[in-house]
Each structure stands twice: as structure tokens, then as C-alpha cells.
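Structure in C-alpha cells, see below.
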Amino acid sequence: MPVPLLVPALIGLAFLLLPLIALLVRAPWRSLPEQLTSAEVWEALRLSLVCATAATGLSLVVGVPLAWLLARTRFPGRGLVRALVTLPLVLPPVVGGVALLLAFGRNGVIGQWLDSWFGITLPFTTTGVVLAETFVAMPFLVISVEGTLRAADPRYEEAATTLGASRFTAFRRVTLPLIAPGIAAGAVLAWARALGEFGATITFAGNFPGRTQTMPLAVYLALQNDPAAAIALSLVLLAVSIAVLAALRDRWMTAS
Amino acid sequence: MTRSAHRPRRTLQVAGASAAALLTLSACSSSGTGSDKGSSPAKPSGTVTVFAAASLKESFEALGKTFEKQHPGTKVTFNFGGSDTLAASITSGAPADVFAAASPKTMATVTDQQDAAGTPVTFVRNRLEIATPPGNPDHISSLKDLTKPGLKVVLCDKTVPCGAAAQKALDAGGLTLTPVSYEQDVKSALTKVELKEADAAVVYRTDVRAAGDKVAGVDFPESAQAVNDYPIALLENAPNPKAAKAFVALVRSTEGRKALSGAGFLKP
Amino acid sequence: MTDLDDTTTGVLAEGLDARLVVQRGTFRLDITLTAAPGEVVALLGPNGAGKTTALRALAGLTPLTSGHLRLDGTPLDATPPESRPVGVVFQDYLLFPHLTALDNVAFGPRCRGAGKAEARAQAADWLDRMGLADHAGAKPRRLSGGQAQRVAVARALATRPRLLLLDEPLAALDARTRLEVRAQLRRHLAEFEAVAVLVTHDPLDAMVLADRLVVIEHGHVVQEGTPSHIARHPRTDYIARLVGLNLYRGRAEGHTVRLDAGPAITTTEELSGPAFVAFPPGAVTLYRERPSGSSARNLWRCEVAGLETHGDQIRADLTGALALTADLTTVAAAELDLHPGAPVWAAVKATQTHAYPA
């Protein structure tokens, strides 16, 4: 095995793993049961899982068609649109949260109409959490699915068309099953990103236990005056995400 | 101008708390602009590193400029942030000369670790105000008004000082308030009002002042029960103790107090 | 440039009647294509000639720049591909990998409105006809090349198209499978009652499968006719090479055709005016010394440019007085001590040549 590759690889691995190991080493194991029996922890965990899953679902519903549009159609300014779609990847999440407030806030560009026409306000609601997480997580899904679509042979869609399938039927019955592994991978990425989302969520949806306080928010606030509790919460989040990712990986990603 | 400013400060510090004696001394020696004191080994020079609570940003930056003018050859660098975070970095060995915290509790974490040189002194106090959008559209005039149904109020989370203070004030008034959000710091709470997402927030007077005309402030009597003391201390391992002493002296001088009260802080 | 036994042109009440014009950058396809029901037409041509473009235009996958397309009298120019009564067998079949053979075949009937059970019944019937009843439940990756090809044909036929398009239907098969599948495909095409158009660059596939060949070069039809006619009367170097003939163009005067560039060739036919002369490589005899007693009047001094094995024979490419290819046995090649650069004399008997008007 070539040393110039092996050494940096091991350094990289160690760099990624050491903080996690430190978390385990310094975890307040003795007070852990007590920390984790508080209702607030489970409330935050439940909310995190529900919101991350809902955000992933929302990303799938609009993100997959968006990926298809980017991969399979030609329109002026497509390159620009793609760049804009990936913007949330580089945008600091807090800025994303502020941007969401400016758009969907009670006083926002769209939010003011939602409020005055339908009486819907999104900030400080669980829906707001889902939106914030979707904003940050969807680009991961779109990028992943678009890549898979580009790699997939578009002639299958043509073949379906010659058999009498409309473009939508061809997409639904042929393309979608063909790119299912890519969609699954993208959904897992998006879900993981949504689960860990902090900045956009706290900025757009605020922090209220049971309604908008997800695990990362609980961790951050616990860190202010009770680092031991923060570590305990982090361990729970870590354990849950490892469990879910491992399960999905076995079921979906290796099957392809 | 520099010279004339020293005289009243000196008197004031002598009259001050016993803990200030050390500072008074240093203030004297640091004032050496005349040739008669040119030989003094205490003349401040070099860089002073000040860790200060985020709410002190505007006033401390102005004082930093004054300090550099008064003592040519010095430079003041600031690290503003949440008091808890700053305290944590100081106890972890961050090279700082001065620490100005937003609560005695956070200062205590530093003194408990024997990282402060001498006893911290309270140099200003801050009290709460209700921040509303400009013009106070919901006609809020008391803390009790915040409990009106349908009103969107944000508070700081109980884990941060402004949240703890707000809770104290509510308890004092015998009020129960369910906010729409417990924000992670005072600036976030204020931002929600500035963006008109929230109808009101309980924040510090200084924050209302700093926000200018983007928010309006409403004073309330219960805030007297939740006044926050801001302690300042020299640090044990200060790389530049002479200049640090001089900076603390400036903060506590008449000039310093003027700058701080201009930002909305109260006298200690 | 149309051929002598071109079929009827003009509007047909039945079958295919098309003029396909597709402009793509600098490439322009412009061909006229007609076919009667039951007829199998092969589009033959080198790579890049526009065969596949023509096929895609017929299927509606590539829009026409101009021209027209009528099938059984109905204009299809503006009909989207999913509404055309056209079935396509793609070059690498494009069987949907996530569906079983049965569901691949049932896909078309489903899309055209059949219920699930009905579509599957139809599909099972088609697979049975193709001798694939045992493989109905198999996913495409578990089918052999020949089986996959038959599933693809079944899938295309299951929509009961009025026009069946086959893009290089045998190209993806190995030599042995190809022989067998070609015979089967010929049978299925013979049974097919509507128009079939197949695209190939393989002259053998074209000649075995098609009733009529349409040869395309550079986007244009250069010749069309029955396989035997085209084999005997090639009009371009490409076709001549395909059918294995040496082809020359010149001006005929009695029994002599004086070539545009080169010597004259003595023929048996008596013609006048522009003409083609063709002869097979096997008609050429090679000598190292000039044959003194030879009666052949077609004798040229050449040089061996290259040698290659061609079946059980050696094919020699010659340059010199006349560029030609000659086939000879391995033994003869050894006796002549042929090698690139060797000077040779090439002779062709007049009776072995074939001349026809250009």
C-alpha cells in the first residue's frame, strides 16, 4: 500500500474520529441516565426526527422534479438556476434563516400575504422548522439526484415514449425506478443534514420546547450553562443518526 | 485634554471601593504623559487584550480608541462574545488581560479557577426593557401587557443571562408568560422584533439603545428586581498587566462611565 | 439519383410515405422513404450517414425540419412519439432493467390503455410466440443477448404498431447467436403485416431481412432497390465494397468502358454513354511475370498495397494502373510470394465483368 496515500488517509480518519471519541471519553456516564430521563430531551429528539423526516419528504416531492428539470431539459439560464439551487450549501445557515424570515416571515415578501389572506404565520411554528430544514437540506438531494439522472441513460425514457408513455408516465414508471438508489442516497444525505440543522432553524423558527426546539438547539442552549447535559444530548443524537444511517445503508445503498 | 481628565478620575477612585485601590494606583502611573514621569516603569505600552460581553461592544470599542489616543504605542484588541463562552476560553488558557462579564455568575467561573488577579469590581449595571416595533403598535406599557393573548413575545432562553433576568422580573411581578420562542441570545431576540416577527421582546436597555430607531423601548418597574451587574477583572496570567490596569482604570473613569451610560448602562 | 426499379412514389393510401428532412448543424438528412404494408425496408449506410436520425425522425424522437410523414394516409408530422402507431426495437434493446420480461412487454399495452391483467395476458402471448414463455419472470440482466433481442421485438410488436422500426437489431449479438436470431427475426418480420424499417450497416443483415434496400450516404439516398439488384449494380464505392465488388465509372463505347481516371475495361455488354463496370475480387487472377499466352485483354500492372485474410482466402489490395481488390487462395498467395510492395500483373476476363448504365 503506497505510504503517500496511506498516511494522509489515516490522519484524515483520525481527525474525523478523534472528536467523536473525545465525546465518548468525556461523557458524563454516571449522570447520563438522569440526564436522559428528562421529558425535554425526548421531546426534542422526537421533534428532530419528525421534522427531519418531514423536511426530507418535502425535499423529495419538489427536489426530485427540480433535479429532473435541471438534468433533462434545456432552458436559458439553466446553469444559473443550478448555481442558485446549490447556494444554500455555501450560505451560512443563519443567513439562510434570516433570508427565510424576509421571505416567509410575518412581514416577509410572501409571508405578509400568507398572513393576511390565510392567517398563516410560519416563524415560531413546527412547520417553520420543517421549512428551515428543507431549505438547507434540499440542495443535497437535488445535487445527488441530478447526478444520478445525468448518469442514467435518457434513451430509456425515449423507449418508454415509443411504447405510448407520456413524458410523465415515462418518468414515473421508468426513470424513477432506475434512479431509486440515487434518490435514496440523496434522501439520506438530506435527512442527516436536516437532523443536524441548527442555524437556519433557530433563526427562522426560534426555540420553544416541544414546538421548535430540536436536538441541536437543545444541545447548544445546554452548552451555555450545563456542558455535561449538552454532551449527553449529543450522544443521543449521535446514536440515533448512526442507527438510522446504518439501517438505511444496509437496506438501500448496498442493494444497488 | 488627557491630563485634565485624570484629576477627577483620581479623586473618584480614591473614594471608591477598597478593591479599586490597586486600580487607582495603576491609573496614576499610567497617566504619565509628562516628562517627570517618563522614567516610570509602569508606562503602558503594547497590546491589551480585552474579553468583553457582547453588550459592551459599542461602548468598549469607543473606549479602546480613546485609550490608544491617550497612550500612544498601545493597541487594544477585543474579543466580544457570550460571557459564558468567554469565561470558558479564559479558564482554558486563552491569553487575555481583562475580562468584563455580563453577570457575576460567569465572572465567578473565572475567579473560582483562580484566573482573576484580585477581586472583580462591578463597573456598570444593566436593566431590562421591553422592546417593541417602532411606535409601539400594540400599546404595551407594562410587563403584564405582554401576557395578553395573541401577542407574540420572545424571551431569551433561561440558560443565557438576559433570559434568567427576564424570568426573575416575571417572578417578581407574579406573572406567567408563554413566549413563542426562547432565543439563544439577546441579539436574536431583538432581531425578531426588528423584523417584526415578534411583537415584543424582553431585552437589555443597552440593546434597545443600540438598535436606534428600529425598536422602541418600554420601561417597566419589575426590571428593578432583575438588574444585572457587570463585573470587570484583571486576569492572573495577563500578558500585559500594566496596560490592562490602565484600561480598567479608563473604563471606571468619568469618561468611561459617560461612554457607558450613553449606551444605556446604569451606574453601579 | 433514383434507381431503375424504384417502387412507386407519390401518396400511398396504405403504408409509409415520408420525406424526412432534418437539419442538425452542418449535417442535413434529406431522404424520401416509401413502403407498402408487409414490406421490410432496410436503411443501409456507413456510420454517420443519417440512418439513425431517419429512424428517430420516423419515431418522432427527433423533430422534422421539413418534409412530411404519412402512415396509412394519416399525417404524423405533428404527432408526439407516444401517440404514433410506431414500435421501436432499439440497438441495445433498452429493456427496462427493473421490470421482468413480461412487464417489459406489457408496458406498451398498459400505456395504450389496457388493464393490468389484460396487458399481462397480451404480453404472455407475445413472449410465447417468441418462444420465451419460460423467461417471462426474468429480469433483463438474466436474459441472453438473443433472448433480450426477442423480448425487445415482442415489446415493440405488443403495441400493434403500423410501423416497426429496428435500429441495428443484430449488432449487439455475437456471431453465432446472430445467425440464429437473424433467421428468427426474418420469420417474425415476414409475418408482420405492416411496414417495417430496419437500420443496419451490415449488408448481410440487410439482404437477409429486407425486401428492399435504401442506401444512405451523407444524409442522402444514393441507391435503392432489391438486395439482388443492388448487389449486382452498385452505384457507389461504399456499396461496391459492401457487396464485395470492384466498381468503376467511365464512358462506354461498344464493348469498352474507358474509365474516368485510368485504363479501359473490356466488357461483354455493349453500351454507350456513362456506365459502371463491376467485377468481384474472385474474378481477378494475379501473376508475378507478365503472362505471355494470356487471352485476357484486361491486364494491368499493379503493386500489392496490403494483404489480409478474408474468410479462407487472402484479399490483396492493389494499386497501380487500376486500383482493385483481388481474392486468391492461401496456397496461390504463397506460391506468388506476395508481400506489400511486390509488383504483380492482374488479369480479369471480360466475361467476369458486368457493365451497366450510370
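Order as written gives the chain letters A, B and C; numbering starts at 1 within each chain.
To be clear about the criterion, a contact is a pair of C-beta atoms (placed from the backbone, for glycine too) under 8 Å apart; a residue touches a chain by one contact, two chains touch by 3 or more.
This is a predicted model, so every value here is computed, not measured.
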Longest centre-to-centre distance from chain B, chain (CA-based): C
Central subunit by CA centre of mass proxy: A
For chain B paired with chain C, centre-to-centre distance based on mean C-alpha positions, whole Å: 90
Intercentroid distance (Cα basis), chain C paired with chain A, Å: 55
CA centroid of chain A to CA centroid of chain B, Å: 39
Junction residues of chain B, two or more chains touched: none
Interfacial residue positions of chain A with respect to chain C in the complex: 153, 155-156, 158-167, 169, 173-174, 177-178
Residues on chain B engaged by chain A in the complex (per definition of touch): 82, 84, 152, 154, 157, 159-160, 179-184, 188, 191-192, 195-198
Chain C residues touching chain A - in the complex, by the definition given at the top: 59-61, 80-84, 86-88, 90, 94, 96-98, 107-108, 111-112, 155-156, 159
Of chain A, residues touching chain B in the complex: 98, 101-102, 105-107, 123-124, 202-203, 205-209, 212-213, 217, 220-222, 224-226
